[in-house]
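In the two complexes below, chain A is the common chain; its partner is chain B in one and chain C in the other.
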Partner chain A sequence: MRVSTLIKNAHIHPVTSKDFIGDLLIEGSKILDCSHKIFAQADAVFDATGLHCYPGMVEEHCHIGIHGEKTNQNSDNDTNEWSSPITAEVRALDGIKPFDHGFIDAIGAGVTTLNIYPGSANPMGGVGITLKNDLSVPYEDRIMLEESGFKMAMGENPKRVHSQTKTIMTRMATAEKIRTAFKEALDYQAKKEKEPEKTPFDMKHETLLKVLNGQLNAHVHAHQADDIMTVLRIFDEFGIKPMFEHTTEGHLVADELAQREITVAVGPMFTARYKMEVNNRTMKTPGVLEKAGVKHITLITDCPVIPIYDLPIQATMAVKNGLSQEEAIKAITINPAINLGIDDRVGSLEVGKDADFILTDRELLDPTHRVLYTYVNGKLAYNMKEEGLTI
Partner chain B sequence: MKTLITNVVIYPITSTPFKGEMLVEDGIIREMAYKVKDREKANEIIDGKGGLLMPGFIDGHSHIGLNPDGMGYDYDDVNEYSDPITSNVRSLDGFTPTDISIPESAMGGVMIYCVLTGSANPVGGLSFIAHYSKDKNTKAMVIAQDNGLKMATGENPKRVYAEQKKMPVTRMGTAAVIRKFFFDGRDYIAKKAKAAEEGKPFTDHDSKLEAAQMVLEKKIPARVHCHRAEDILTALRIKKEFDIDMVIEHCTEYIKVKDQVREAGVPILLGPILSSRSKVELKDMTYKSYKVALEEGITFGCMSDHPVFPSEVLRLQAGMACNYGADEDGMLRSLTIMPAQILGIDAEYGSLEPGKKATMCIWDGHPFDARSKTIWNSVDGFINY
Partner chain C sequence: MKTLILFKNGTFWIEDELKKCDVLVEDGKIKEILSDSSETEAEVIVDLEGKYVYPGFIDVHTHVGIMEEKTGNFAGNDVNETSSPATPGVRAIDGINPFDPGIQEARNAGYTTVCVMPGSANVIGGEGVVLKTAGTVVDHMVVETPKKIVKMAFGRNPQWAWGNQKKAPYTRLQIAAIVRDNLMKAGDYMAKEEKKFDYNMEVLSGLLKKESVARVHVANLEDIETIKRVMEEFDVDYTLEHATALHTDKEVALSLKDVPVVLGPLNVAGKSFQSYDLTFNSVKILHDLGFELAIMTDAPVIPLQLGIIQMWLIDRLRLDRADVLRMFTINGAKMLGLEDRIGTIEAGKDADFMVRDGDIFDAQSTVTDTYIAGTRVGGACA
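Moving on to the complex of A and B:
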């Protein structure tokens, strides 16, 4: 039997429409109604007078579970399969530790959807995964997208890591490895069509073909503007469109990104400028991108690079530096959902969507806000009064 | 040749213990009763002195003989770590039958063991089953060859291949290596089938993929080393993807994923717990796993991973499990009939029943008591002492 819950008199922020004081009715794992006044019987009624209700946040780029926290040992770190520069065949699915503490942090912070990528050591790192952060169900049942995006990386990291394996010493080689991998995948496809029986199944090429055929979006780690331009150049050659991750110098190429209708994720902005390629980092980037007309700007923590609970605080800082309030909230809810192709399920409070929402004592962009309750799939997953602040 | 064993408490394992006698004929158990019928025809009589007659224990996961005790590096043949996939090697070819641990284990009641390759490689090699023999001769010992293909996930392959800068250096990589192995195996089977269809001789034999074929055709199970919950889940995912038979080895975080293990219907070999938490993936190791496995009613074996701890004291690990709430009879089954079922030798071993082989020993006290010792044993009817 599906249980229904009625949340009454909350300050509701649907994100995709204007905020209002009203009610939210959920049944089972879905939102049944969201309007000014709901006259319906429910199994439980919750008076949320004075509280704010937002959709559960969506983190588009993190490494929770794949980069295990707490032990800080190599044993728990499965982020980078750095054994060779092109590891398109590996999947974040197989590297995640579902009992990692990061998932608990995320629930306490109100982050209910997590997209987890392999790391940035390899020009082609592997396939990401999107999880609903519902800790009450087994790992496999949390999976929203088993293949959510294809992780690629440019700039310093592949250079640094693969100077060890002696395969990449410069940005030139990173570009070359990517081009060659795509070309080899196309050769594989041609060979497979011509002589299917003589072509052994190859997971690496199969994954790359999904990228080339547009079935799987490439999400490219790029900090510097020149790295962004290199990616655009390569992707033009193959007729595909990337999405950018980090985009630290995005403000320098904002017009180009806007004109090409390319979506970007920005962050983490709370680290030191600990490497050359983040020297030009500024909190102004999201605002500049918005003004240039870039759509669906997304903010990311790259957790555990910075903790997952920095997600809304980063949005606050972006507002302080020129991003509109409206877009800042979208950047941690509906925009990442759109970029991942799961906006039919999460990212806003709308009828028919998953009942993932949070109740806070103050507005989300007020850094003093506390998440009092987190609901995932219609179930109360976190109750601050009972569990205390878990973050 | 008929042997009468008298004055013992018989623990058949598959039924209730009772005081009585047993008649063994040509190495096969013929009769068990309070007084057996043909007792006068026995050629020899063994007086059990009131001891406990139990089937020989079965250590389902051991490296006994692969790294003989006290023999050092030159005799270490556990891991062929030259390549992540070494399904073409066989643990039997690394086995030293003169390992001092073998007679010691027999003294501790462990008379049958499955010897597997180590856990350095995602795909390690083929295992075999042997029993104790006074003859210290491999031929006399082996029960079954190539009975499973060892695989490994988690920390070990990562650590070994990070040093070599080869895939896998992550859990993702390990899964990818194993998948590739099975994808190649599928292509290999198809190639063979095509050659047969066309009536041509098959000239592309690949000793590694022969093992993949055996697993994919369900002739042998994959024996997958997994400690952490996520590694168990990855193994189960691969089992589903390729529709293969599987045994989960170690299964240290079993309790966290007991539902998924039950649903997948895989047997597990639990242990070693009688050792330290020597690495991160053993952090949540607990004796409670045995209790939970018994409550869940799954098929599991209590194993030593010899030489991680000596197979000789396998029975003490089972006894410790009882300290943590496991049922005593259940733990006896986890040393006998359940591992026999997992290894597919339960028609002949694992319990005392008429028709089964007389591989058993007499204990002067309960084996879970550290002070107890075996006072007599026989393997397939051959009396050793």
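Moving on to the complex of A and C:
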């Protein structure tokens, strides 16, 4: 039997339409209605007068569960498969600790959908996964996208890591490794078509073919503008389009990104300038990108690089530095959902979508807000009164 | 020739509340707080109509200037003198670059006073220094403190820094032993009538003579208790820095009620390593036990530009906002023994102001101007 809950008199922020004071009706795991006044019988009625209701937030780029928290340094860290610069065959799916403390922090912060990538040590790091942050069900049942995106990385990190293996000493080699990997995958495909019996299955090439065929989007870690442009150069050669992660110098090539209709994720913006490639980090970047016409700007914490509860605070700071308030809320809800291709299920409060929502005592972009309740798949997953603040 | 500046029509944070008034500043010091300044002859008038003015923020635990931003990994990093696990004779002031962009952004964000200390790799790291955040010559930025500051570190950081190199200290046992050994030697040094001058021993003697205070990096509860044991053995004044787990045992916390505690950095992730117990809730627990806490950024761990975000997050605990503001201003001043000079807007103190275009707890308000000793030194930080 499906349980229904009626949330009454909340200040509802559907994100994809204008906010209003009204009601939200959920049944089972879905939103049944969201409007000014709902007259319906429900198993439970919740008076949310004075509270704000937002969709559960979507974190497009984090390492929660794969980079374990509350553990010692290495035992639970499966973020980077350092053994080779090209590890297209590995999947985040196989490295996640489903009960890691990071998931609990995310629920308390109101983040209900998490996209988790391998790290940035390798030019081709592996395949990401999108999870619904529903800790009441087994790991397998939380999976929204088993293969959510293909993680790549440019710039300092691959260079630093793989100079130790003498495979990459410069940015030139990072580009070369990527080109060669794509080319080898195409050769494999040609051979497979010609001589299927003589071509053994190769997981690495199969994954790269999904990227080259457009079945799997490449999400490329790139901070500097020159790294961004190198990616575009290579991807042009293979007729595909990347999405950028971090995009620290995106404001320097904003017009280029807009004209090419490239989507970008920006963040984490709350770090020190501890390496050269983030020297130009500025909280103005999202606003500049918006004004240039870049669509579906997404903000990311890269958690545990910065805490997951900083996701809406980055949006606050982006607004202070030129991003519109409307786009800032979208950048942590519907935009990442669109970029991951799950906007039919999450990212806004609309009829038919998953009943993932939060109730806060102040507006989400006010960093002094408290998340009082988090609902995931229609179930109450966090109650601040009982569990305390998770910051 | 004295300069009189009148800061007029502002809304000032005075005695724990916002008050509409004027503030007269003479030669960098607050001379008088006036409800009616029509009779005042000031040479310069600064109109603060519509502005909210707070005391300049104080961060008593940073590494700005010594762990420079925008220099890559090593070029501007002089934070840990890891040639030996005990380097009491080194001084932070000798490694500070006043042109570190982290310092510039600090003053733009309204932080006017910072304490810069060596890092936590060494058991005894060296001497720290208090600075105002504006200037081109570090010596002119120094604020003299009644007691000198000696940085120490217990627990995992010295263990990692040294144990990983297969050198002592491998264990917590050796960390305590190094401190004891050094303080014993300093006692012997002091007792000698004829002695060869030794910088290391001079600094340590300062601790035994209570002319200095040990500022001790610590996370875990067991280390907190070890620090208490060792410091009490030698009757050394000390503070607890970070004190990540102090809130987890009220009995232990209450036994340390007279020890100044600096919490933070709190707005950081990765609850791994030595920070299992890291939480903003510790602020409320310790505050409710009566601690006068100061909050650090440990900049550049959190850049000072972003330090105020910790204040907004602390506001989620719904403490009295006046108490929260003290954690970023006067409580730090008291810890440094500078409560007569900085930390509040009152007559006789330095005219160090953070001027905002709205209430400080409204995150959409920004710092428009920062004043140090009555001189505008920055602002325009969102």
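Observations, loosely collected:
One rule holds for everything that comes next: the second predicted complex is superposed on the first by the 390 of 391 C-alpha atoms of A that agree within 3 Å, B and C clash if a C-alpha of one lies under 4 Å from a C-alpha of the other, contacts with A are read in each partner's own complex, and residues count from 1 in each chain.
In this section, contacts are C-beta pairs under 8 Å (C-beta built on N, C-alpha and C of every residue); 3 or more make two chains touch, one makes a residue touch a chain.
Note that the coordinates shown come from a computational prediction; the quantities given were computed from them, not determined experimentally.
After superposition onto chain A, partners chain B and chain C are found to sit side by side with no clash. Of the two partner chains, neither chain B nor chain C is touched by A:355. Of the two partner chains, chain C is the only one touched by A:365; chain B is not.
Taking Cα centres throughout, chain A sits at the apex of an angle toward chain B and chain C that amounts to 100 degrees, reported as a multiple of 10.
By the touch criterion defined above, A:53 lies against neither chain B nor chain C after alignment on the C-alpha atoms of chain A. Shared-chain residue A:138: touches chain B; no touch with chain C. Of the two partner chains, neither chain B nor chain C is touched by A:24.
Of the two partner chains placed around the shared chain by superposition, chain B is the only one that A:82 touches, whereas chain C remains out of contact. Within the superposed three-chain model, A:203 lies in touch with chain B and out of touch with chain C [touch as defined at top]. Of the two partner chains, neither chain B nor chain C is touched by A:220. The minimum CA-CA separation between chain B and chain C in the overlaid arrangement is 12 Å, rounded to the whole angstrom. Taken together, the two complexes place residues 71, 73 of chain A in contact with chain B and also with chain C. Contact residues of chain B toward chain A in the complex are 155, 158-159, 161-162, 165-176, 179-180, 183-184, 186-187, 190-191, 194, 228-230, 233-234, 237, 256-257, 259-260, 279-281, 283. Interface residues of chain A, counted against chain C in their complex, comprise 67-73, 101, 105, 270, 272-276, 279, 283, 301, 303-310, 313, 316-317, 319-321, 365-370, 388-389, 391. Across the complex, chain A meets chain B through its residues 66, 71, 73-84, 87, 89-99, 118, 126, 138-140, 164-165, 197, 200-203. Taken together, the chain C residues at the contact with chain A in this complex read 69-70, 72-73, 101-102, 267-273, 276, 279-281, 299-303, 306, 309, 312-313, 315-317, 361-364, 366, 382.
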